[in-house]
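Worksheet: the structure to be examined is printed underneath.
Naming follows writing order (A, B, C and D), and every chain is counted from residue 1.
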Amino acid sequence: MLSIRELSAWYGAVEALHGISLEVAEGERVALVGSNRAGKTTTLRAISGLVGRRAAELTYRGADLQHTNPYAIPALGIAHVPEGRQIFTGMSVIDNLLVGAYTHKQPVQRRERLDLVFSLFPRLAERRQQAGDTLSGGEQQMLAIGRALMASPSLLLLDEPSQGLAPRIVDEMYEALQRVAQTGVTILLVEQNVSLALDFASRAYVIENGRISLHGSSEELVNDERIRASYLGI
Amino acid sequence: MAVLQALVNGTLVGGVYALITVGLTLIFGVLEIVNFAQGEFLMVGMYVAYFSYVALHLDPMLSAVLAFGVLFGIGAVLERWLVRRVLHGPEISQIFLTVGISIALQNAALAFFGSDFHSVHVPYQTASLSLGPIPISVPYLLAFAWGAAINLLLYVFLVRTDFGRAMRAVAVNAVAATLSGINVSRVRMIAFAIGAGLAGLAGAVILPYAYVYPTIGLQYVVIMFTIAVLGGLGNVNGAVIGSLIVGITQALSALFLPSALQNLVVFALFVAVLMIKPSGLLGRSHAH
Amino acid sequence: MRHFTKLVAGVLALAMTFAGLAVPLAASAETTVTVGAVFPLTGSLAAFGKTSVQGLQLAAKEINDRGGIAALGGAKINLVVRDSTSDPADAANATARLIDDVHPIAVVGAYASSLSLTSSSVCERRGIPFLTMSFTDDLTNRGYKNTFQVVPKASVIGSKQLNYAVDIAKAAGDPLKNIAIVYENTAYGTSQAKGLQAEAEALHVHVALFEAYPHGLTDATPLVQKINASNAQVLFPISYFTDAVLMIRALAQSHSKVQIVGGAAGFVIPDFVQTLGSLTENIMSIDTSAYDQYGSFEKAYLAAYHTFAPHEAYENAVSLFAIAAALQKSRASTPAALRDALASLDVKGGAFSGMPGSGVKFDANGLNTDAYPVMVQWRNHNLVTIWPASGHGVQAAVWNGKTVK
Amino acid sequence: MRIDTLWGRRALLAAGAIALLCVPLLHLSDYTMRIATMTCVYVVAAAGWTLIGGYANQITLGQATMFGIGAYVSTMLFVHFHLSPWIGGPLGAIAAALAAAAIGFLVFRLWGAYFALVTLALAEMVRILVEYAQPITGGPQGISVPFVRNSVWLLQFPEAKDYYEIAALLVILALALARGVQFSPLGYRLRAIRDDEVAAKLAGIDVFRTKMIAFMLGAVLSALAGTLYAQITGFVDPDSVLSITLSVQLALYAIIGGAQVWWGPLAGAALLVPLGQAMTGSGSAAGAGLAKIVYGLLLVAIVVIQPLGIAGFVKDIRFRRRKPAAPSQAVTP
């Protein structure tokens, strides 16, 4: 459903991705792993149009993302949970979620999405009137994911959901993500914690210095010597 | 008694100030630029009301809606063609772009409308109601009512509607807003247009007790800035509170101090507040 | 990008065009006498600059229609107008440029005192006569040889404003005891208010409120509250139009019945009655010219601009009439000769009838000693002269609703 | 042609300075010389703005305060104590530097728009106080500088053009200072603050002190310009030397010329002062209004196209700089 061929991306005049190719099929869970500054976040930002990019192919369900305005991409079914959560500070939890549902105007549908988010993250329901920036880090991450889910996405781009969170919270988060995936949402996950990522995803790409260096099923990669040495510390 | 009268007057004037200032605050909140042409938008609004009165005998309280529309259009065009280009540019461009627009508007008014003073004649112009022994000016009261209504409407718009929420979202985090499917450029354009429109509306509403000529904006612009910064630039509720503080301070200080020093007190208060809280009373702190 | 470069090019081209327009064609010198006019046509004083120029243009037309300056072979007045802007330094620049460009025999300007002060300095240094209807005392206190003030100076206007009011009140049987003076914080306001205050002290009138306010009010209610609290019998506001309007409306809203005696400027212009309508009824003001005595000038102005002629229009016209009279008398063809002719000028009646004293005669400092202020009053949307009672064509004053005989 | 050697550049600058001093040899009209003289005054005043506003990006909208202090202090000393402006001017400059220190102490922790607006408010406070202190300052009526006699010692000459050489010397002094600062360690520190204040602080720069030095130096320049202005016009009042309009104008000259380089104020004032004068020539309000619309539009066009002003255009030409072809649309927060 998401096809990427020869994707390059720039920050200003600096090229940060050098022609990567990547496929995500309907219903899959795919991880993109690599070290710091390897280009993982840039890949997601390039898909969402937040950085300058050029590609031989960059399509989602046949729609050409290169010729779509960044703000129109969510309406195609892609929801992006950015690195560092980026919740709307000063706005309440419920307002954050409602902004997430900006492209979905029907009240009934919104009600359903809200119920779904609150059932996935009951703690958000408790704090619905609280300002977003008064939440704990884990709650903020849940809010960011919940906000993305409000748009009823078919593809969820997740950028470092475990960053800066206590292990217990991370487990809780990934349980919730499992349930999200079970509802049929395709997931492209960027994660620095490689074992966590390979655990969750069925396939993974390894990115190094802006290029894809390896890809395969999670099982293959877990057993790959290079991966074990460089990323899993075994 | 005199104090009570001053409080009443100060509150009324404060309500009017809130109406005049809220547009500036909205523009700063969403686009993070200080619009130095806001006084000229007010001036154009006054001319719209004046010409509506001359040509159509429309009361400024009604032509205020028309003034809003005209300035909304002007604001949208200016944002689309000019302001947008400096939003990511250096601060200097942001400040002096709107200074340039204000010079051009002032002199356009001079060239096309002439330098004469204009005002309107409405029956309630010098009327006043009596609240016990305290007279309350009707034109101020009407302007105050408009101010209250607009601030309430704006509040409802920002809090209860999707587009208003989107506007707040853009103000806080434009990237996350884009990722939520919000057309950030369009939201900014409309925020600028609404901000300009509100200045136009305010201009119309104050016309019954004031007058218009090309450089009238200069008389209001400093007080606008003071209030907007005092309340916290970008914070709409802050603008209301700042307006009331300035209105009441002016009225009360007039009781004890020479009128010539009236604005000195306001400025001193303004500087003092910023020394204690550099982002204004209700302003959010910026990581700049 | 390219289309913006074009925009800049266009803007520059336009600017150059204006710059080009500004350079006048060399005047054919034989049959014309060039007189310069420097007035604020832009900025906050633009409205008054405009009416001043209108008055001058009508005066020039009147002189030319009557065959020009007969003594100079029917030479026509060629009036060259320049924008002083509302800034004193620019007024000086504009004057210097005017002198360089067209070599006028005299300059008339610049309405506001601050502009006239710098403009007259330039004229003094170049030896060009400068005629003005600005009020400030400074203009003729500096020992300049080339500055001529056709109107009484501010301190005199201020003292007469009170003096006449005291006389009128006495005649009405309601002696003046307690007054309020509010004045704008400008050169005009402060110098006139000082004259008023000094006169009040001399006449033992109690000043219950002596208050300066910043010019360009956005709200007059605090000021009006002070006025009301002072319980003054009479209010003497010294204000330009904009503040006068706010103040009078706010006074009406507070049900104030105080008798207003304005300090000229904003109180005696067409905009005042057009804006305030019947609120102007019985408001008095000191003034430097008598509207009901303008004669043919008044009719010509009304026909051309559909309002009565404000005092600055007439008084600037008087400056030009004085120049014409001096030229006629002396056949002067140089600024220096004109200066001497002006210094010894003594004319009465005719076009000068609208000036109280109906004449122009300058003292050593260049002050018109014939002129004195008059009190005028709004009646039924018109200004009538009411004091001094001995003057020509003076009508009865109405003091606090009571007609004074 | 490019002159890249150190001595070559110095020779060029010296030639420029000499050319500036030799302008009177052209025998231009009195009016033209008057405008040339006024242009020099504004170059110096705008250079004062550039040191803080341009070099450090602390956009003050209150530079008129410094100009006004220079004009008032020297004029008051001259009128009340018959003190020559040659002494009154430096005293005014010291007073302005002290005022700058006080203002800087209050405002330097504010950022961006807040900084700009607070400097504007403080400038208005100064204007109100000067108007109120009538016995000393002459209040809103201002002070007329009496013409005593033609005298170098009293800095009094009959014509504005007679001030030209002094004004030109002051320009050379001011630009030498501005250039010196630009290429000095102080200049690097100011640039670091302009680019990123937080990073500058982390790099160990005493941000407050650096801004303060630039602000005070700038105040001295603007104040000296104010002194000269008062002598030339023979009249100071709050509206002309302490107004917001003047503050904005000084900043404009610097910005249009290029706020980040020492010669920006020169380029800006040399373009805008004569242009502004040319435009006021029209004899009708509509014409004058139309001319000033052009002025406003010119400003709009320049800040939109080239925020670095004339200096930016020159840089583009000299380096034939081409922007890298932008890839498809990107959103910046």
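By our rule, a contact is a pair of C-beta atoms (placed from the backbone, for glycine too) under 8 Å apart; a residue touches a chain by one contact, two chains touch by 3 or more.
Note that the structure is predicted; figures quoted are calculated from it, not measured.
Using CA-based centroids throughout, the chain positioned farthest away from chain C is A. Relative to the whole-protein C-alpha centroid, the nearest chain centroid is that of B. Contact count check for B-D and B-C (C-beta pairs in contact): higher for B-D.
If each chain is reduced to the centroid of its CA atoms, chain B and chain D end up 31 Å from each other. For the pair chain C and chain D, the distance between mean C-alpha positions equals 35 Å. Note on chain placement: the centre of chain A and the centre of chain C lie 75 Å apart, centres being C-alpha means. Residues of chain D in contact with at least two other chains: 128, 131, 285, 287-292, 295, 297-298, 304, 331. Shown for chain C are the residues that touch two or more other chains, namely 41-42, 46, 49-50, 185, 214.
Counting partners per residue, chain A has 50, 69-70 as the residues that reach two or more other chains.
Interface residues of chain D facing chain B in the complex, by the touch rule stated above, are 53, 57, 59, 106, 109-114, 116-118, 120-122, 124-125, 128-129, 131-132, 197, 244, 248, 251-252, 255, 259, 285-293, 295-300, 303-304, 307, 331-333.
Residue ranges on chain A touching chain B, taken from their complex, read 48, 50, 69-75, 79-80, 82, 86-91, 95, 98-100, 102-103, 105, 147-148, 151.
Those residues of chain B that touch chain A in the shared complex are 162, 165-166, 168-169, 172-173, 175-184, 284. If you check the complex, the residues on chain B that touch chain D are 28, 32-34, 82, 85-86, 88-93, 95-97, 99-112, 114-115, 173-175, 178, 184, 214, 218, 222, 225-226, 229, 233, 258, 260-261, 263-264, 267-268, 270-271, 274-275, 278-280, 286, 288.
Residues 41-44, 46-47, 49-50, 182, 185, 211-214, 216-219, 221-223, 225-226, 229, 241-242, 245-246, 249-250, 252-255, 271, 274-275, 277, 279 of chain C touch chain B in their complex.
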